[in-house]
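One chain, chain A, links the two complexes that follow: it is found with chain B in the first and with chain C in the second.
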Partner chain A sequence: MTVDQIPVTGRTDPAARADRATPAGRRPRISMTARRHRAFYLFTAPWIIGFLLLTIVPMAYALWLSFTTYDGISPHWRYVGLGNYTELFSDPQTWNSLGRTGLFAVTSVPLSIVAGLGLAVLVNRPVKARGLFRTLLYLPAVVPPVGVGLTFKALFDQNSGAANGVITLFGFDALGWLADPYARYVLLMSVLWAAGNVMIISLAGLQDVPRELHEAARIDGASAWRTFRSITVPLLSPVLLFQTVTGVIASVQTIMPLLLSPDGTTAGVTALPQSNYLYMMHVFSQYFALGRYGYASALLWVLFVLILIVTGLIFKFTSGVVFYNVDPEAKK
Partner chain B sequence: MTATSLPPNSAPRVRVRVNRLVLYTVLVALTGLFIGPFGWLILSGLKTPAELAASPVHWLPTDFQWQNFADAFHLIDFLGYARNSLIIALIYAVLVTLSSAWVGFGFARLEAPGKKTLFGILIGSMMLPQMITLLPTYLIFAKLGMVDTYWPWVFWGLAAAPYLVFLFRQFFAGLPRELEEAAIVDGCGYGMIFWRIFLPQSWPVLSASFVIAFTWSWGDYIAPQLLLSTDKSTLAVAVMTTYVTSAGTPVTNLQAAASVMYVVPILLIFLIAQRGFVAGMSTTGLK
Partner chain C sequence: MHPHAGASLSRRRFLTLSAAGAAVGTAALSGCAMRVSGGVSGGGETVTLMVKPDDISPELVRQAQKDTGVKIVTVRHDITKLIGMMTNGAPPDLVRGVGATDAPYFAARDVMEDLDPYFAGSSVLRVDDLDPVNDLWRFDGRTQGKGPRYGMAKDFSQDSMYWYNTALFDEAGVDYPPETEPVTFEEWLENAKRLTRRKSGQTTVFGGSYNGVLTPNLLASLTAAAGGSLFSDDFSRVDFTTPEARKALNWYIEYGRAKVGPSIIQPDPNTWDGPTFQANRMAMSNSGYWLGGLINADKKLAPLARLAPAPLFEGGRRVSPCQAGTGLWMPKKAKNKDAAWRVFEWFFGEGPAKARASSGWGIPTLKSLRPLMPAQEDYQKRVLKVQNAELKHFSVIAYTPYATADSLYALFNQEAPAAMNGRMSVDTLAGRLNSAMNEQLKRGKEQVG
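Moving on to the complex of A and B:
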C-alpha cells in the first residue's frame, strides 16, 4: 500500500459516513475528537505494529529459545529450563567478556564525550574556515564500521602500519598492535575516531546556551574555565546524559573487535585477541562458531536486563545533576 | 594620551594573537589526526603487496599502483555487490523516511488516549540494543523463508525508525497550527493534510532522514552477513570477506583500494547533504 492509497480517515469508515449523513452533511462536533483519535492510531500504526512484530516478538522468541538447546539444525533440541542460565553464570568466558565490556564502556564513553565536547568548544570559537574544520573533524563519524575496521587495520598493521612507522622513527621496536595486549587500545582509538558524533550534538547544545549568561559571568569576573564548568556544562547536561546513555548502549553492542580481527568474519570471532573478546563477541562465537542458539539467546537476555539496570542507574544517579531548562513537551 | 595607553593595550593584543596561533595549531593538528587515517588507507591502496609487507614501513609507494583500484573492481563482482548495497539502501531509506514521517506526524499533530505512553515507549526503544533483536529476528525470517531476500529491509523500512520518527515529530510540532485548520474545516482528512500540506513543507528533514537511513544501511555489516547469501550480499560484507587469494591469504592492497571505493560514496553523500544531515543529528541530541 502506497501512502496515496492509505484511506483518509473518516471517509471510508462507516461510522464517519453515518456522521456525514446528518443534516446538511455537517459532522457533529464530537466526531472531530473521535476522528483525531482514530487518525492518531492510524498514523502511529506502522510503528506500533512494527515494534510488536520486529522487536517484541523476536525478544519473546529469544526468551523462549533461551530455555532450550536449539541449534537451528538438529531436530533433537529440548527444553532445559534455566539450564542455559546456570551454565552461563558458571562460564568464566561470560564473566571475563562482561568485565572487558564494562571496562571498554567506562573508558570509551567518558573519553568520547570529553573529546567530543572539547572539539565542539574548539569549533564553536569564531575561527576562520570554521565550517571546514567542523566538516573534517566530523567526517570520520560517517565512515561505516567496515571502513573504520579496514582503516585501522591498515594503520596498525605490524609491517605496513603508519603507527609502527612512527614509533620506529623514534627508535622503538615495532609493536603487534592488533594482538594482545595492545588490541584494546586500537579498539579504543577506533571509537574515539568517531568523536565527531558527540561533537556535532554538543555543538548544537553549545549554540543554545544563552549568550547573556556568559557575558554576565565575564562581567562578574569569572574565568573561562569557571564559566565553562558552572554555566556551559550544567546547561549541556541533558545532551551529555543522552550521549552517555546512547554511548553505553552502543559500546555494549560494538562489533568493531570483529572488524579489527585478522580474519574479520563472524566465523573468525574465536580467533580474536583476548583483550577484545567482548560480551557481544562471546554471543557471536556461541551463535556462529558453535551454533548454540539457545545459549546465545540466554546471553542476550542477560545483556538486555543488565542494560536496563545500568540505564536505570545512570538516570537515577544523574537526576539531581542534570538540568532541564526547557520541557521539550511544553514548547508546542 | 596615546603614548600612555599603548602599553596596557598592546599586551592583551599580543596575548590574543598568541591565543589565536595556539588555537589554529591545535585545530590543524587535530584535523590532521582525524583525516590522516583515511589518507593512509588511500596510500595503502596504492602500494604493491611487497611494499605493504616491507619492514620498516614504506611511507610512500614508489610507483602509485592506480591499477589496484581497477583490479579491486575485477577481482570480485564489485559492481554487483555495489548494486545490492544500493538496492537495499534505497528500499530501506525511501520506506523508512516515508513511514517515519507518517508516524512522526501522528505524534506531533494528533491526540489520543495513550499517546504519552506510546511516545515514552518510542523514545525508550531508541535505547534498545538492536543486536538483541537481530539474532532472533534472523531465526524468525529463516522460518518464514525470507532469508536471502530483501523482504526484511522492506519490513524494517515500513516499521519506521524511532530516531527518525523523533526527528519528524520535532519538525512537524514546530509548524503553525493554521496549516491544517483550514483543511480540516474543508473536510480534508488527516492523510491528505499530511500528504499535501506537511510533506511538501519538510524537504530538509526528508533529505536528512533519507541520508541518515541510507548511511545506516550502506554501513550495516551484521544484518546482510546474517540474512543474505554471498552473491546477494552487500559491499560492506564483500569488502570485508572476499578479498582473498584462492589459497586464502588476504589481498590487503586490493582490499584497501576496495574499502576506499566503498567509503567514498558515503563521504560524498554526506558532503552534499551536510547541512540537513548535521541539523538532523543535532535536533535529536537536544531532546
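Moving on to the complex of A and C:
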C-alpha cells in the first residue's frame, strides 16, 4: 500500500496496520491524518500563539485587574473582589453612557447599512465610469479615523468651521455643532462618511446574486422593487447579517467622539457633549484620565459579555430570515 | 579531566565562562550605576528620553551626541506607555513632566530618583544658581517645595500673567491695563466682554482667554489669589465651598458663561492660545512670559503685544505662580543614570538652555542665564520690565500628591459644563466637585499609603 492509499479517516483495519508496521531502526511512518493535523497546527501556530499572547493573556490580565484597585503605579493597590463590579452597577455614568451607546448603535448601524447598500446598488449598475464612481465613493473609508475626526472638528467648529460659514451665508445664525444637541448628528455624519466600507461588502454580495434569478423574475413580470425585495435582499441576507453584527460591535467600541473631543488632553474626553459621552468614552476616562485600571477593566469585561449576549440575540432573531446560498454537499 | 590552557572550549565550559562573565559585567555595571558623577562625559552610552516632539528636535538629538558623546533615543511622551515601561522594569532614563503637578504625584509613589547627589557634584547645574521655580520639583513626602530635588524645569512663566494685543484694545476703545499694577479679575472679565466681537452667532474675536496651563492648578491659583487654599493642609481633600474657593470657582464659571474666551463649552480648535492670538483673534491670553517665544518670532505681532501682571481679587492677595514648570525627571529604575545626568546637565545648563533663554520661550531656570532674555527691541525691554517686576510676587502653590492633574480636570469637566451653560448653580457645582474629587483623592491616598 502506498502512502496515497492510506485511509484518511482514523479507522484502520489490521491488514492496513500490518502494512504500515515499521521495520526496526527506521523512523515510524506517520499517517496522513496525523500529517494533516500536524500541518494544520504548524500553519495556524503563528495565529494561535498570537491569539494566546495578544488576546487571551491580556483578557485574563484585565479580568484579574478588574478585581483590584490597581492604578498602574501606586505601591498599595489591593484586591477588592467584586467591588468594582458592584460599583459599576451603581455608577449612573455607566448606565447613561450605555443607554446612549445603545441608541447610537440602533441608529448608526441601520443607517450605514442602508446607505452602503444604496450606494452598492447604484455602482452595480452598468454605467460609464463605474470604476471611478466606486473609487470616489470608497475613498472616504480609506481616510484614517484620526483624519476624519480632526477634519470634522475643523469643519464643524462654531467660530471658524465651514459648516457655519455656509449657514451664515444664507443669513442663519451659526450653530454650536460640537455641543449638545447637535453633536450627536455630527457623530452620525462621521459614521455615514465611511459608508464606503459597507458599500464594498454589499457590492461583493450583489455580484454573487445569480443573474438568471433576476432574468426569471423579469420574465415573470416582477417590478424592479419586487425583484430587489424578494430576490436580492434574501440572497444578500448573510452579508447584511455580517454587517449588522460587525456594525454593532464597532459602534459600541467607537472612538470617534474622542477625536471630536473639545481639547487635546486625556481629560478632555469628559468634556464631551453628553450625547457623545458613550460607553467607551467612560471606559477611556476611567482608564486614562482617572487612572482606575481595575474599575475600567471591569467596565470592559461587562461590555465584552454584553457584546456576546447582543450578538447571540441577533443570530437567534435573524435565523428565520437569513438564507445561506450554500451547496448542501459542501455543508456536510 | 581538567581543562588546560590552549584546550578548545567545551560547550559546558563556554556556558560557565559566559555566565561568570555576565555576572562580573552586571556587577560592574551596577557599581557604575551606584556612582554619582559630576558632569562626566558620555562614553557612547544610550539614553532613552520620553519627551514630546517640541521638547527636543532631531537636530538637538544629533547635537547632544556631538556635545556629550551620549546617544539619545526618544520615545513619545505618553503616560500609559510610561507606566507600562515602569511596570516592566525598563523605564526611560529621563521623562518629561510638569513640575507643578507631576513631581508630588510620582515622588510620593517612590518612582523618582533623588537628584540631590547629582546636583551636589555638578559644576554645570549649581544649586545656588537654580531659580526658585525649581522648587516645584522638590517633595519631602508631604509638601511640595521642600525636600529632595527630583527634577528641574527647562523654562518657566508666571502663568497667571497675560498678554494683550494693543491693536484690538484700540479698535474696541478699551484702555490698556496698567503695566506694573494688576487689574482685578472682575475688571479683567469686564474688559474681555468689551473686547469680544461676535457676528451671526460666531465669535470673531475672543476678548480674553483665561484657562491657565492646567485647570485644577488654575483653580488652586485663583483660590490662593482670593486669599485661601483649595487643598486641605494634608492635601487629602479639596473644598470648593470655602468663601475663597467659591469666589474663585464663581469667577471661572462666570468666565465660561460669558463666552469671552475658549472654555470647555466653547473650545478653540487650535487647542491653545498661540495661533489664535497670533491671528489677531484674541485680545488677551493668560499664557505668561512663555508665549513671548512665539510673539518675538512674529515681527508684525511683537510690537502690538504687551505683557501685564497677574490679576488679583478685590480684597485678595497678589500671587503670581508658575502653573507648570515643565522639565525632566529621572525614574528610580533608569538603567543609565550617569549618562542620563550628563544629558540632563547639557539640556538644562548648556547649549539648549541658552538657546531657549535667548528665544523668549519662558524664563530661564538658571539665574545665570537671565541676561540672555531678549531685550534688543523697545517692546522687548518693556515686556522684560513688566516681567522683572512680577518676579517679586512669584510663589509656589503646592499641589496634592494624591491625584494627577488630569484626573481632577476630568472630574471638573464632567460637572462644570452644566454650570457654565446655566443649568446648575455654582453652589451645586461646588458640592459635586467636592464629592467627586475627594473620592479620587481618597483612593489616591490609600494607594500611596
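Keep in mind that, in the parts below, the second predicted complex is superposed on the first by the 291 of 332 C-alpha atoms of A that agree within 3 Å, B and C clash if a C-alpha of one lies under 4 Å from a C-alpha of the other, contacts with A are read in each partner's own complex, and residues count from 1 in each chain.
Here is the rule we go by: contacts are C-beta pairs under 8 Å (C-beta built on N, C-alpha and C of every residue); 3 or more make two chains touch, one makes a residue touch a chain.
Note that the structure is a prediction, hence the values are computed from the model and not measured.
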item	value
Fit-or-clash call for chain B and chain C when the two complexes are aligned on chain A	clash
Chain B versus chain C as contact partner of A:44, first or second or both or neither	first
First, second, both or neither for A:164, with chain B first and chain C second	both
Touching partner for A:257 - first (chain B), second (chain C), both, neither	neither
Partner chain in contact with A:144 - chain B first, chain C second, else both or neither	first
Which of chain B and chain C A:311 touches, first, second, both or neither	first
Partner chain in contact with A:174 - chain B first, chain C second, else both or neither	both
First, second, both or neither for A:266, with chain B first and chain C second	both
Touching partner for A:247 - first (chain B), second (chain C), both, neither	neither
Touched partner set for A:72, first chain B, second chain C, both or neither	both
Dominant toucher of chain A (residue count), chain B or chain C	B
Shared contact residues on chain A - chain B and chain C	72, 154, 157-161, 164, 168, 174, 264-266
Chain B-facing residues of chain A, complex	3-4, 6-11, 32, 35-44, 46-51, 53-55, 57-59, 61-62, 65, 72, 119, 122-123, 125, 127, 133, 135-140, 142-147, 149-152, 154-155, 157-162, 164-165, 168, 174, 193, 196-197, 200-205, 208, 238-239, 242-243, 245-246, 249, 252-253, 255, 259, 264-266, 280, 283, 287, 293, 296-297, 300-301, 303-304, 307, 311, 328, 332
Chain A partner contacts - residues on chain B that touch it in the complex	23-24, 26-27, 30-31, 34-38, 40-41, 44, 47, 51-59, 98-99, 102-103, 105-107, 110-113, 115, 118, 121-122, 125-137, 139-140, 142, 155-156, 158-160, 162, 165, 173, 184, 188-192, 194-195, 215, 218-222, 225, 236, 239-241, 252, 255-256, 259, 262-263, 266-267, 270-271, 274, 278, 281-287
Footprint of chain A on chain C - complex, ascending	79-80, 83-84, 86-87, 106, 109-111, 199-204, 264-267, 269, 271, 404, 406-407, 409-411, 413-414, 416-417, 440, 443-444, 446-449
Sites on chain A touched by chain C in the complex	69, 71-77, 93, 153-154, 157-161, 164, 168, 172-176, 178-179, 262-271, 285, 288-292
